[in-house]
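Have a look at these structures, which come just after this line.
Each of the next two complexes has chain A plus one other chain: chain B in the first, chain C in the second.
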Partner chain A sequence: MTGMETSNLTKEKLRKMFAEGKRFDGRELLESRDFEIEYDVSNKAEGSARIKMGKTDVIVGVKMQVGEPYPDSPDEGNLMVSSDLLPMASPRYESGPPKFDAIELPRLVDRAIRASDIIDFKKLVIEEGKKVWTIVADIYPINDDGNIIEASSLAALAALKNAVFPEIDKEGKVDYDKKTKNKLPLAKEIIPISFSFYKLGDSIILDPTREEEEACDARITFGISNWNKQIMLNSCQKKGKAILTSEEIEKIMEIIPKKFEEFNKKLKKFL
Partner chain B sequence: MAIKRPDGRKQHELREIKAKIDVVPNADGSAMFAFGKTVAIAAVYGPRQLHPQHMQDPSTGILRVNYDLLSFSVGDRKKPGPSRRSSEISKVTEWALEPALDLKAFPNSVIDVQIYILQADAGTRTAGINAASMALAHAGIPMKDLICSVAIGKNDKELIVDLNKEEEDFKEGEGATDFALAKLANSDAFTLMQMDGKIQPELVKEVLKLAAEASKHIYEAQKKALKEVVEENEK
Partner chain C sequence: MRNEINEAHEAEEDSESTSRWAVVPGETIVSGEDYLPSEGTRREGENVVASRFGLAEISGRVVKVISIFGAFVPRRNNVVIGTVSDITFSGWLINIDSAGSAFLPIDEAPRFINRNEMDQFLNIGDVVAAKIWSVKLKGIDLVMKGKGLGKLEGGFIFKIIPSRVPRVIGREGSMVNLIKEKTGCNITIGQNGWIWIKGPDTDSEIKARNAIEFVTSKVHVSGLTEKVEQWFAEQK
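Presenting the complex of A and B:
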């Protein structure tokens, strides 16, 4: 978000174009790229999904692990989301200890899913206080052409919907080669989605390509779901050093329900 | 109908604020800020030359924030050292503070802000930002404005200001929402927005209004503490 990767010339050009409502690829400012979701990317995972959104391509795999519950929630299982920004996926990613983006991405995906109440954690208990399931969702971008938070959230949702429990044998050991037909305890009606709005100059855009993303001065990400027949914001995080005015935030609040409906329709085909 | 809060506060009332300057004499600037039982201290070092040198930027200085909880500031002891949570809060705090500064005035330099929480009872990042904003002013770094930060919460359907731990853990109805915000004290410019929970998009307008209103009180407390230290020095 420092803009260092995009030349000042490109940034200036984009700022002017956005102000006129135009983008390099001909989309409108709030127009999202179409996406496709495919399942069973890896048959070793308990669930997996791959999303392609323009040139952005992300895989999420779900593994189920058995472990002890946290002391403060003996009657609940857990969710763990992690990601590895593979150097394969972008010239911007480097090997080595995780940089901030690699820490932030899974936290945002985790919060959007967790706060939506889609997962019934109480149904992940094997033996109260002793043994519970932990759902582990790992995010791997294969090709990052921008907006991987949105793409990862959709892929994570799809992978969770796709996942089944593995069998537990008589000794209580997990047999990963044998899968049950039991799906994870997910609320059918809850669809957590994440949207990231990007700001450059006075313009706000959705679903940026990598180039657009790098030119922007601020990002604000929302986790959104439908809960009890209402649209709810479940999470929010602003990134970057540009400010947001109340007018801008209120404008975003008006866009969110429309976008949520649009994505719900698009998702029907895949979920 | 007025709602009952566990500590007897009014719906839109902040916890008692304590603000003090110059709590770390070695630092170029420092401050303590408390919201009720949540206590944060912040120290500023710099602007100073940035090391390692390859990170230096001749076009601008950089702001580097480190936020963390002291191990005993929470119920279960927190393992010392950075966590994913603290890295994230450090980063959002940087973004929350930076709009108040003109870092271009300090090429190749760094301003280091260290924030530690002594006592955590919800609202640690907001208390930390308030302390850091005062510490930056105390360090004499030119600022466009002070930054004021507060969490607006929601328990079930009711919006409340500056929630404490008990309110953060509220479970009934629509549960607890914790919406941490920061803004420039004297303009409609939000620099931090971070939220968890369940809140209807149409309520956000009200959240922003409550945050702006609460910021006025925070701003007064920050200014008062800064004036006190100036008067102290003149004696």
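Presenting the complex of A and C:
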């Protein structure tokens, strides 16, 4: 089942409404939905978090694995982000080989986290060149009501902060039943957040619902973090046919620091 | 747009006096040979058993389960709202958000359509209100001749859970008429859960949509019409 594609009527209506600065749920164009983060939703994972952002609902689990390092970085651990867009989350998703969205989502989350340097990969080494920790973060959208990229990146951050190392026994095997109290080597002050701006007509909106997201012509996603009290732009990805003008990008650049501060405040409650 | 298109037999029967309670599939609703299993129920020996998750209701001898969730099952004479997904040489393929695709023949267009210029009347992504003429194995046939049917222009469409459509229509259209009256909007409800709203301005359209979403979130509540009136009073 693929549901019904966006009709010309709804798209036209949304275009007009955005031009007037209105949305169906009464939010401002750049107003984000409130979110709530819940921890320890999975008892088998080393760390897990569930975010609820309006009707959007995403679970992220973190699993720790021991393995060989990559040949080009013998003194560093690894991060692996994967996701499975479950058919129960949305009629748009189907089981089977991953499609474009299912490949793009974990890559965007991975890039936003990795490039912010929040994880000190050098501290993930058990034995240099032979044994390192690999952090595996799995993203599971439970319900997709738009903007799962932002929700997933927040949940992934929360799950990483929540995760602890499992114990390693004398033979060097990981005992997943015993958890230590050691948290992952994360930089405390760095907070990576990803923001997705959507464009329809001449309007730019943030945090769309699924209906709005499907109607939009273009999306641009930025991975943002803070470093030395400066706001850093770590990654960027654009999707969709429509063009973003340089004025629009400048406008977005003005919005990002404000949004980052806002999310920083909201996150303080949960982290 | 008048309400003839909202099938009277699909609309809610007397909802205020009968009691309802939640049942799960396999649960016995009543036992005894006197009762007749209806929609969403089946007979197992003495008992009438629910086959869907929903609210059980006994009116006279008839036992039925009003499902709370569930996909739209197309039936003859249902009014549906769909989008054009493809144009063929003899008609349009319409996505009505159900299993199987629906076909709208070119003869159903209200005026003569040149076969080479079919997209002039209905292009891909356009919205139509149509009635189901037949449901066969190979697909669903639609007709578009009738009051309130045809290409929809202006306004917008959105979706609710199809099994809650009767509640939004209300008894003999009372609920939808109340919303139309209070907001001044034109509302067409498809049995497939898609609803078209067109009003004088954006604000009243948004209000009509919020009212309908309020109704769908309170399906199990009795005396809903008063509650909706109250909701409208609070909005001002």
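Quick note on the criterion: the second predicted complex is superposed on the first by the 267 of 271 C-alpha atoms of A that agree within 3 Å, B and C clash if a C-alpha of one lies under 4 Å from a C-alpha of the other, contacts with A are read in each partner's own complex, and residues count from 1 in each chain.
Following the convention adopted for this analysis, a residue touches a chain if its C-beta (ideal position, glycine included) is under 8 Å from a C-beta of that chain, and two chains touch if they have at least 3 such contacts.
Worth saying up front: this structure is predicted, and the values here are computed from it rather than measured.
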{"item": "Fit or clash - chain C, chain B, common chain A", "value": "fit"}
{"item": "First (chain B), second (chain C), both or neither touched by A:Asn234", "value": "first"}
{"item": "Superposition-derived comparison: chain B or chain C, residues of chain A touched", "value": "B"}
{"item": "Which of chain B and chain C A:Phe100 touches, first, second, both or neither", "value": "first"}
{"item": "Touched partner set for A:Lys123, first chain B, second chain C, both or neither", "value": "neither"}
{"item": "Contacts of A:Lys13 with chain B and chain C, given as first, second, both or neither", "value": "second"}
{"item": "Angular separation of chain B and chain C about chain A, which is computed from CA centres of the superposed model and rounded to the nearest 10 °", "value": "100"}
{"item": "Chain B versus chain C as contact partner of A:Glu250, first or second or both or neither", "value": "first"}
{"item": "Which superposed partner A:Ala242 touches (first chain B, second chain C, both, neither)", "value": "first"}
{"item": "First (chain B), second (chain C), both or neither touched by A:Arg92", "value": "neither"}
{"item": "Minimum C-alpha separation between chain B and chain C after superposing on chain A, in Å", "value": "6"}
{"item": "Shared chain A surface residues [contacts with chain B and with chain C]", "value": "none"}
{"item": "Partner chain C, residues of chain A touching it in the complex", "value": "1, 3-14, 16-17, 20, 22, 24, 26, 211"}
{"item": "For the chain B and chain A complex, residues of the former touching the latter", "value": "76, 84, 87-88, 91-92, 94-95, 98-99, 174, 179, 184, 188-202, 204-205, 208-209, 212"}
{"item": "Residue ranges of chain A touching chain B (in the complex, touch as defined)", "value": "71, 100, 103-104, 107, 111, 115, 117, 220, 227-228, 230-247, 249-250, 253-254, 256-257"}
{"item": "Residue ranges of chain C in contact with chain A within the complex", "value": "71, 82-83, 85, 95-97, 99, 123, 125-127, 152-159, 194, 196, 202-203, 205-206, 209"}
